[in-house]
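Please read the structure below before turning to the comments.
All chains are identified by letter, namely A, B and C, in their written order; residue positions are counted from 1 within each chain.
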Amino acid sequence: MKNPPRWRRAGVVTAVVLTLLTAVGCAPGTPDGDSWRIDAQRAVADASTAVQTAELALRLHGHDRIFDRYLQTVLVEAEKGIGTASTAIGSKQPPRAERERYDTVTGQIGEAASLISTTRIAVVDRETSRYDALADRLADAAAALSRLEDDLQHPPVRTAG
Amino acid sequence: MGERDRLAGALDAVLHLLDRQVVDVEGRLVCKVDDVELTVFEDGVLGVTGLLSGPAALVPRFAHDGLGRRLHDYYRRLGGPQLDHDDPYRIDLELVERLGSGVELNVRREGVLVPQGERGRRLNDLLQMPVQDLAGVQLGGVLDVRLEPETQEPGRRIRVVGLVVGRGRPGSYFGYDRRPDMGPWLVRNVVRRLHRHSAYAALDDLDQLDWNAGVIRVDPARLQELEPA
Amino acid sequence: MFQVALGILTAIGGFVDIGDLVTNAQVGARFGLSLGWIVVFGVIGICVFAEMSGRVAAVSGRATFDLVRERLGPRVGLVNLVASMAVTMLTFVAEIGGVALALQLVSSVNYLLIVPFVGFVVWLILWRAKFSVMENVLGLFGLALIAFAVALWQLGPDWGDLLHRMAVVDKPGDEQWRTLAYYGVALFGAAMTPYEVFFFSSGGVEERWTAKDLRVMRANVFIGFPLGGMLSLAIAGSAAMVFGPLDASVDTLGQVGLPVAVALGKIGLAVALVGFVAATLGAACECGLSVGYSLSQFYGWQWGKYVKPAVAARFHLVLALTTILATGVLLTKVDPILVTEFSVVFSAVALPLTYFPILVVANDPDYMGEHANGRLANGLGSFYLVVIGVAALAAIPLMIVTRMGA
């Protein structure tokens, strides 16, 4: 028939909508603890990226391979990135078992964020003498975040009591 | 462009004429063929006499189902008393030089679009008519309208010689009805399979073509095989 | 000879846009070159369809959206128009944002002040500049992105290993197949953007191609685009060399350029920045024009830069409004990189609507005469139509399931 009856078209529409909803629903639903852990991993990875990018850019400046303006923009972008990661994980409610790791994660990301801010301030003010020291501190922060990321691969260790 | 003038031979209205670009004699773009004006002559011939363009011609082409009809009503009401939203622009067929990949006119585009004035018959009216058998059972719709030029009259006439009847929207044959060997293989076979129930109805074989009631009646026995062009 | 060389160079420089810059760097940093074969695949696809649409434009003088409405009818054509315009607008926003980001890497001006400036420059070019001048200047300067190829060379990768990774789909241990699939679709969408085809065929009409220009057109496509694809791979490869070992992800334009700084220092970085600006500015102009082309070709309005602006008043009005709208969206401080990520995925979704009419018309002897598709073009065209269909259906579910590739 040229114009299918209304009910048939409504049926097709409903079928399509249901298929889409099922597809969305099939997005992996994870149990609570795992969900926080995965979010924490992501936040730590983003923070690590920001820190390592900042360190790389600083060291490039040390080798006279990057412009001041470029370095500054990279640092501002890194600061924004780690800020987003920090807010994202800080605002999520951790399950009981993860309280300890929550403190560690937010603490370390917070420290790394303030380090990047310090670096950004130094860069904007062109305090080139501080760059090497700041780069070393960034490297340490990156290493710590990397260890944290490894730790987050496993579910929380249940402490006695 | 080196293609032959399509208007010199048989052509399909939807495939070759409708929605084509209209170009003036200097190559500037004028408009699209949003609809085609049909006239019933005294000798019973149904012929193409002009091209229609503008929203007043385009919006009714959406009105083949509920949503489109509402859109059309809304558009009409937007005209209010000031504008007649049923009156499209018209280009007389005399102004058409040839039909290549677009419609080429023999005049400049200034002043070529003139309001139609009176409401004549349109190709879109035909395309939205259901095709039924003598008992009123739905057979399908009009997929395309076959035209042929007449050369014996003073002034050219292009007459409607028959209808391509089948299921689906007008133009959904994409031209594979006229050229069954046109590539690519995959598309051609899918399209032809979807249209395997199509047939051709010569205008003279139609039992009834009721413009006012908006229905076409034909005896299924008079339906012919679709021949390639 | 000069014309041919110019066309090829322009195609190389014009191939890469903000979508390619960002997506290739992201994928390179995260997956190495294991998705590189998708870039190759996408380049072949765009070559097939650009050649077809260019041939149709040269032989019949009709550009893509003309054909879309003609073959699909006004209703489906309108759906197609709305979808294509939406995706192209999204890409337009991303490109203007990309120019602003690139300029921010060079100047101390606030981003929110650069954005309107870029919008104004884009509009000025669209309104005033001659088509061929715009194409040639921006395309040639876009060649500066060769800095990435040089940088990759300098970084001294293990070429054997690199090629091996490209050929074998090597899934890094901690990644899931669906994430790989999502980025594959994104890369594919970045390589085969719809606006590319609108622009190429409309550009052919702008430059008054005829059947005599087919050879030149094919040289542009078959040499220019693949070399442009190699630039994309160079961006991915250099990101892989620098960010891979750091296990860092790429989310900013500043990061995209760092491998060049590592390998080539300030000079290389300066050249790369020129490339950034030229590539994104060129792509922004192409996107803006494509929105105007699509709308005008659907309604039959006079379009193009080959006539005076006064003759194509509606076309230029659409361009102006589009640019204002895109600039307005950017002034809401939306992240252009995020917009880019959306635009490449939705490009993949909108692809089939555009390519199907081209494939059909390129076969129509009424249009093409003796230049209708041969068996190779049809074989490849049909194959890619199926692939594009699959990618289009998979794109949004993948985006949802992987949460945009997180």
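Here is the rule we go by: contacts are C-beta pairs under 8 Å (C-beta built on N, C-alpha and C of every residue); 3 or more make two chains touch, one makes a residue touch a chain.
Keep in mind that what you see is a predicted model, and the values were worked out from it rather than measured.
A.B. asks: Which chain has the mean of its C-alpha atoms lying nearest to the mean of all protein C-alpha atoms shown?
C.D. replies: Smallest offset from the overall C-alpha mean is found for C.
A.B. asks: Farthest from chain B by Cα centre, which chain is it? Let me know.
C.D. replies: Using the mean of the C-alpha atoms as each chain's centre, the farthest one from chain B is A.
A.B. asks: Can you compute the centre-to-centre distance for chain B and chain C, using the mean CA position of each chain? Integer Å is fine.
C.D. replies: Spacing between the chain centres: roughly 37 Å.
A.B. asks: If you average the CA atoms of chain A and of chain C, how far apart do the two points sit, in angstrom?
C.D. replies: Taking the average C-alpha coordinate of chain A and of chain C, the gap between them is 29 Å.
A.B. asks: In whole angstrom, what separates the CA-based centres of chain A and chain B?
C.D. replies: One centre to the other, that is 59 Å.
A.B. asks: Per the contact definition, I'd like the list of chain A residues that touch chain C in the complex.
C.D. replies: Those in contact with chain C are residues 23-24, 26-28, 42, 45-46, 48-49, 52-53, 56-57, 60, 63-67, 69-70, 72-74, 77-78, 81, 146.
A.B. asks: Spell out the residues on chain C that touch chain B in their complex, using ranges where they run on.
C.D. replies: Answer in residue numbers: 59-62, 66, 69-78, 211, 297, 299-303, 307, 311, 356, 359-360, 363-367, 369, 372-373, 375, 378-379, 381-382, 385-386.
A.B. asks: Under the touch definition given earlier, write down the residues of chain C that touch chain A in their complex.
C.D. replies: 104-108, 242, 246-249, 251-252, 254-255, 257-258, 261-262, 264-266, 269-270, 273, 397, 400-401, 403, 406
A.B. asks: Within their complex, state which residues of chain B touch chain C.
C.D. replies: Those residues of chain B that touch chain C are 1-3, 6, 16, 19-22, 28-32, 34, 53, 58, 61-62, 68, 100-102, 169-172, 174-175, 179, 182-187.
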